[in-house]
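Before we start, here is the structure in question, set down as structure tokens.
In this document, chain identifiers A, B, C, D and E correspond to the written order of the chains, with residue numbering beginning at 1 in each.
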Amino acid sequence: MTESTMKAPKKALRPVKWMRENLFSGWFNTVLTLGVAYLLVTSVGPLLNWFFLDANFVGSDPSACTGVGACWLFISQRLNFFIYGFYPDELQWRVDVMFLLLAVSFVPQFIERFPGRKWLGLFGIFGLPIVGYFLIPGGSFGLEEVQSSKWGGLMLTLILAYIGIIASLPIGILLALGRRSEMPIIRGICVVFIEVWRAVPLITVLFMASVMLPLFLPEGVNFEKLARALIGITLWQSAYMAEVIRGGLQAIPRGQYEAADALGLGYWRKMGLVILPQALKMVIPGIVNTFISLFKDTTLVLIIGLFDILGTVQSTVTDPAWQNVAIEGYVFVAFCFWVFCFGISRYSQNLERKLDTGHKT
Amino acid sequence: ATTLENVKEKGHLQCGVTSGLPGFSQPDEKGNWTGIDVDTCRAVAAAIFGDANAVEFTPLTAKERFTALQSGEIDMLSRNTTWTLTRDASLGLNFAGVNYYDGQGFLINKGIGVDDATQLDGATICIQAGTTTELNLSDYFRAKGMEFKPIVFDTSEQTVQGFAAGRCDVLTSDRSQLAALRSKLSDPSSAKILPNTISKEPLGPVVRQGDDQWFNIVKWVLSVQINAEELGVTSANADDMLKSDNPNIQRLLGTDGDMGAKLGLPDDFGYQAVKLVGNYGEMYDRNVGPDTPLGLDRGINALWTEGGIMYAPPVR
Amino acid sequence: MKKQTIDTRPAGPKPWYDPRVRSLFFQAIAIALVFWGGWILVDNTLSNMESRGISTGFGFLGETAGFGIIMNLVPYDATMSYGRTFWVGLTNTLLVSAMGVVAATILGFIIGVARLSSNWLVAKMALVYIEVIRNIPLLLQIFFWYFAVLSNLPSPRQSVDVGGALFLNNRGLYLPDPVTQEGFGIVWGGILLAIAAVVGIRIWAKKRQLATGQIFPTFKVGVAILVLVPIISYLVAGRPLEWDLPALRGFNFGGGITIIPELAALWIALSLYTASFIAEIVRSGILSVSKGQTEASKALGLPNGLTLRLVVIPQAMRVIIPPLTSQYLNLVKNSSLATAIGYPDLVAVFMGTTLNQTGQAVEVVAITMAVYLTISLLISLFMNIYNRAVAIKER
Amino acid sequence: MTDQTQTSEMQTPPKDQPGKKPGIIRVEGMHKWYGDFHVLKDLNLTVDQGERIVICGPSGSGKSTFIRCINRLEEHQQGKIIVDGIELTDDVRHIDTVRREVGMVFQHFNLFPHLTVLENCCLSPIWVRKTPRKEAEASAMEYLERVKIPDQANKFPGQLSGGQQQRVAIARALCMKPKIMLFDEPTSALDPEMIKEVLDVMIELAGSGMTMLCVTHEMGFAKTVADRVIFMDGGEIVEQAPPHEFFTNPQEARTQKFLQQILAH
Amino acid sequence: MTDQTQTSEMQTPPKDQPGKKPGIIRVEGMHKWYGDFHVLKDLNLTVDQGERIVICGPSGSGKSTFIRCINRLEEHQQGKIIVDGIELTDDVRHIDTVRREVGMVFQHFNLFPHLTVLENCCLSPIWVRKTPRKEAEASAMEYLERVKIPDQANKFPGQLSGGQQQRVAIARALCMKPKIMLFDEPTSALDPEMIKEVLDVMIELAGSGMTMLCVTHEMGFAKTVADRVIFMDGGEIVEQAPPHEFFTNPQEARTQKFLQQILAH
């Protein structure tokens, strides 16, 4: 038969057909489309005006803002504070170096076939915290010391989320293994630990960590406020992490455990060499999602008086010099978070899709 | 270990302050703290270390402050805190003195057309959580047979934001703060402070119970500053005053006697505190006085010799 | 069979090579460690509290609180005890959580289905909604709904007035409060009657369908009965209901029912935020039902609506329930952010003011955490029971 | 084109059973595309009532797509499909009517896992045909007996073996009392022991005079029951013939090659 | 029961190869329960070094459970299992030692998907036997050559066909240099073409004098290489005999029935 070259018949012009199929199929859809379109048209215009057309971008002091549109000037004037908090100007290069290293180790993760991206990623996870440990607070290698009370803004937000997730990973693994242990008491302890931490709101945890912890510790043992917030966040987060990892452990077929047993690998080698590498890879998307939610939750440190990015903005929007800049401030913070979270969540979705197909082959 | 030993070991004093209240404690963009409460901390640091900067500040909300002090998170609390019996007795705290005599007042939106607190029946009132203000307000309205609706915020910033957004008719707080808070409004002239003062609010530094030495240190550093004003010793003339032959001044600055040693401090602790931070009057003028944005008159905070009630026991 | 003299090792292993003994040993150590750690903690805390002169015990719950709370579902005034403030805070937490769960569920299901809509515009709007809302911290959204929106509402004197009965201003939303008069019993009777009738009709319709196959429009008739019967009995009884209308008294409105802005902002933020997660859960739940199922259903001649109702949704539910549960838990926990905008929930009232006035941090925090733990366990339990009921039976 | 259609009509053995409606399924010049991919090319086929047709052909030749078009699980873009006198168009009413007359059994059974076997069988009778439940259940039990698993009626599909599940799927389709049954490789997802169970049921069904279209590679089944075997390749009907002719004397080279392969296996 | 044991000892053909240790596996009066379900009932068996044993029997007869007991993937509750002179008890050291001497090949291969073929093979030598990596890799390559896939060494299991995967699994087990190899239906998850690949490797292995216990239904394999065929049913060893005897002259009725079924298939 020679008609295999025949083309599919075209019923109508493409855009018209597309609209009929996707927008106006049936009266219900038509009503919906018109309703949504009306809402869009009436709201987008004023929003655009406020955001861009009537907005003030340049100037050097508050009087440059007309008050009709957004006053983005406020953001650009205070940007330094929003990013670095009270970190001394002349030392901010140290933070910049960390930002750069962060970008270098993680941006390539979005680029398939980037040479050595695995190593960069590993550096990001294990090396970066070490570099940061020396660089940000200073006090060694001839670097001037910067008290943690001077850290703030976006930088603090990132530190909290980053350390929180990385420190909670090993604890989460242990808890997950414990929860799947055959020893009932170990399992019980892990279950109780996980469920209690997951049940309480983060702000109660932060409250306890920030002002009550010294009460529980022997006299003389003391950490910085930031360190304590981190301990609280980490323990809280490790409970969530444990549940994510447990999901991965459960997804490993029993045959893998048996094969490892048959090869004579003991418990820790079986877990370390065979089970965990597979389980962790499988739950990377889950870990990334946990990271995103932790990242958003770090804003709660505002309630215990740490100046994260929302805290810095919140503390400046009441500056009498600027008129009504609260919305601009919130929009700015929202935008910062959105860019990070959306980017990362897209990445995790990609990963999910890739792992998904990788599984079948 | 005693608190003093701990502080010396750390090399700095950990001091709890508000997270932002003009005139009392407020960080600037660089994270440098200023305010009368902050200066009280600095004076203690100066007395211990001879360095007014050997102090770190922990910003606290009203809700957190006592727990933070109780737990040992901070060494002293200098955060416009009202001295009450309960706090002294059952919270395990000790008030080391008064660095500002205050009273609770009302800031109202001019639009509601009220000029006395007795007309506030049914008003919505913004307050900061965990303060005596919350209790005084209840007492006051109950005594007057009036009703009110409390809106309770965590920080004074949020309280102002709530007031500015029109959530309440009235903002209540210590009078000293009302002016500062009003200055944060985008249109300060839209609000006014009512003449009424409904409570006594003696504000001062607080320490934990059970460490009398530390309690004495904080108490006497504050007293030294008040006495210094009375004796005319200032940070500017402190060096000259070292040569003074007034025995009161000599004891104050440590050129005579072992006042410091009795407290476990260097003998020149008074000199250091006054030299590096200033006397009480200087502290007041610098932070809340008439020449500051707050513009508060000395009023009852003037020395007893000048018609006020600021009176410190003698250094002897 | 002759026993060969092969050197078999002793039958029972040495205790320290027996895995059972080992496991007992490890568990004993673990228990010991936990108790030891717990004891250290308690001991430290007690000795610290004693050395710092902090009083302990729960006696403070009986003392007079002396502060006001703007919103209370259980009777409260400043002369009541701290223990009462606990109940006020708890009921407020439960109220906003329950409202949030209901709204987030409804909204989440609508958006989740909209996300799969064949209408391109609707699907894309749902996508934009989800991607925007869930990537912005909740606290920020609460601030936005509270401070940014509040300052754009009119003051009480310039309230938005809907028919003199409903007012909106920056102090809240004011609704008329129904006050029942004498003779309202008839209306109650009417309502009960209507409910009974609807239940009866349902049972009858089901029976009839089983017997004859005919399907009765239960839903439409039921709604009609539920609406009409109470109205008629209301009219018959001579309109025994008066409305307590909100009215401007002094600075503020009095009378009626008030929804304060704190509650509204928290509720809106919690619902919108959680709905964006629920929407994704619903979508993936629906997508998880394999295409073969819909095809089989179509091949059996079931129209789209029935396919969704009888085949897809029941199967999607079992995928939806577990993550939905954790969203509910998150919502309850997140309601504690109330403290940031002054809604008097448990954390704001009890762990806030009460803790501060009494200084009993350990006791108050312990009670608060126990409450959240209990709520979590109850929700999990309830959802687990439901989940077991809808689980698929396997071999 | 036309010559092939004629050939096929000629090859159809004349039916002598009385009362059989001729042409219960008529496919005329039907084409289907997936996007730009031309899956089905000018198919022409007439199936009389009571005919049993087996469709075979290499993988990807469009067999599944073809029978799915017949109850419009897939849409064709050109040509006509007329089932029991109703042409399949976009009209939803027609689609519903046709689907009611056509039962379908899938390769992967597609039973509803949340319903018991009995509920699976009663779903369509109750909701589509509005049969009283009692009646529907009685008739479902009859069909379950026919496929020899009445004792499993109250189990859930997940609790049955593959062969049992497929038999439930057949019973479920039969419960609609369809005029036509479509089978899409009903045994290819089954273990060898279970294939026989299912084939036995299908053979019995064929004996009862049901119109059947069956995509299968079970050549034994084709030989036993088919009135006609249709061979498809590349989206076309290459050859159709009664089974003995088809297996012993295939006309086309492609058919011969295909038969060699599967018989060698 | 004792008589059965005696029978089995009598039926064991006397081994004439020199240097073979008798009774490298000895199972004496072994019972196993799953909860209340009695899976294995009073098993008695002695396997000499170098013997090749095929175990067959209907599904659910406990074949897998039995050979899994031999390297203690399952625990038995009564009786004795002595492997290479070591009794399997709760003692962890004994279990470890025995597992080092016993290689196992599973029905579903159970290769580690995150490791390459070579890494799969070297895992146990490196971590359990503490062989230097170089050496372990060299020896792994030898075994991979023996199973005829040295060229796949650096691929991941997911990239191989089923037959290749099973051959890797065999090489992995051999890399432990075990004295005994256990196979649990090694070919039953494979497509027909791949079955041959794997059987060839196993036949070669059998030729090299390895002690083998193999659960399989490949009767051709049994005839070619087995020294003894064991037939299990209902958790008991019903019959054991050299293959020619077993196939031509089964003693028990159950065996006869089983043989009829599988040979007819």
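Assume contacts are C-beta pairs under 8 Å (C-beta built on N, C-alpha and C of every residue); 3 or more make two chains touch, one makes a residue touch a chain.
No experiment lies behind these values; they were computed from the predicted model shown.
A.B. asks: What's the fewest number of moves from chain A to chain E, given that each move must go to a chain touching the current one?
C.D. replies: Tracing touching chains, the least step count from chain A to chain E comes to 1.
A.B. asks: Any idea what the CA-fit rotation angle from chain D to chain E is, to the nearest 5 degrees?
C.D. replies: That rotation is 165 degrees, given to the nearest 5.
A.B. asks: Could you tell me which chain's Cα centre is nearest to the average position of every protein Cα atom shown?
C.D. replies: Ranked by how close its C-alpha centre lies to the overall one, first comes A.
A.B. asks: Which chain's C-alpha centroid is most distant from that of chain E?
C.D. replies: B
A.B. asks: Using Cα averages as centroids, what's the distance between chain A and chain C in whole Å?
C.D. replies: That gives a centre separation of 25 Å.
A.B. asks: Could you put a whole-Å number on the gap between the CA centroids of chain B and chain C?
C.D. replies: So the centre of chain B lies 43 Å away from the centre of chain C.
A.B. asks: Can you work out the whole-Å distance between the CA centroids of chain A and chain B?
C.D. replies: About 40 Å separates the centre of chain A from that of chain B.
A.B. asks: Roughly how far is chain C from chain E, centre to centre by C-alpha average, rounded to an integer in Å?
C.D. replies: Spacing between the chain centres: roughly 57 Å.
A.B. asks: Where in chain C do residues touch two or more other chains at once?
C.D. replies: As it turns out, chain C has residues touching two or more other chains at 48-49, 51, 147, 151, 339-340, 361.
A.B. asks: Could you check chain D for residues that touch two or more other chains and list them?
C.D. replies: Residues of chain D never touch two or more of the other chains.
A.B. asks: Indicate the residues of chain B shared as contacts by at least two other chains.
C.D. replies: 67, 70-72, 154, 161, 164
A.B. asks: Mind pulling up the chain C residues that touch chain E in the complex?
C.D. replies: Interface residues on the chain C side: 1, 4, 6-9, 11-14, 17-20, 22.
A.B. asks: Where on chain E is chain C touching in the complex?
C.D. replies: 2, 5-6, 9, 23, 26, 28, 44, 80, 82, 85-87, 89-94
A.B. asks: Quick one: in the complex, what on chain C touches chain A?
C.D. replies: 23, 26-27, 30-31, 34, 41, 44-45, 48-49, 51, 117-122, 125, 131-132, 134-140, 143-144, 147-148, 151, 329, 333-334, 336-337, 339-340, 347, 351, 361-362, 365, 368-369, 372-373, 375-377
A.B. asks: Considering the complex alone, what residue numbers of chain B touch chain A?
C.D. replies: 1, 6, 19-20, 27, 29-31, 56-61, 64, 67-68, 70-73, 154, 157, 160-161, 164, 183-186, 188
A.B. asks: Show me the residue ranges of chain A that touch chain B in the complex, using the header's touch definition.
C.D. replies: The contact residues of chain A facing chain B are 81, 85-86, 88, 147, 149-150, 152, 207, 210-215, 219-220, 222, 225, 303-305, 314-315, 317-320, 323-324, 326.
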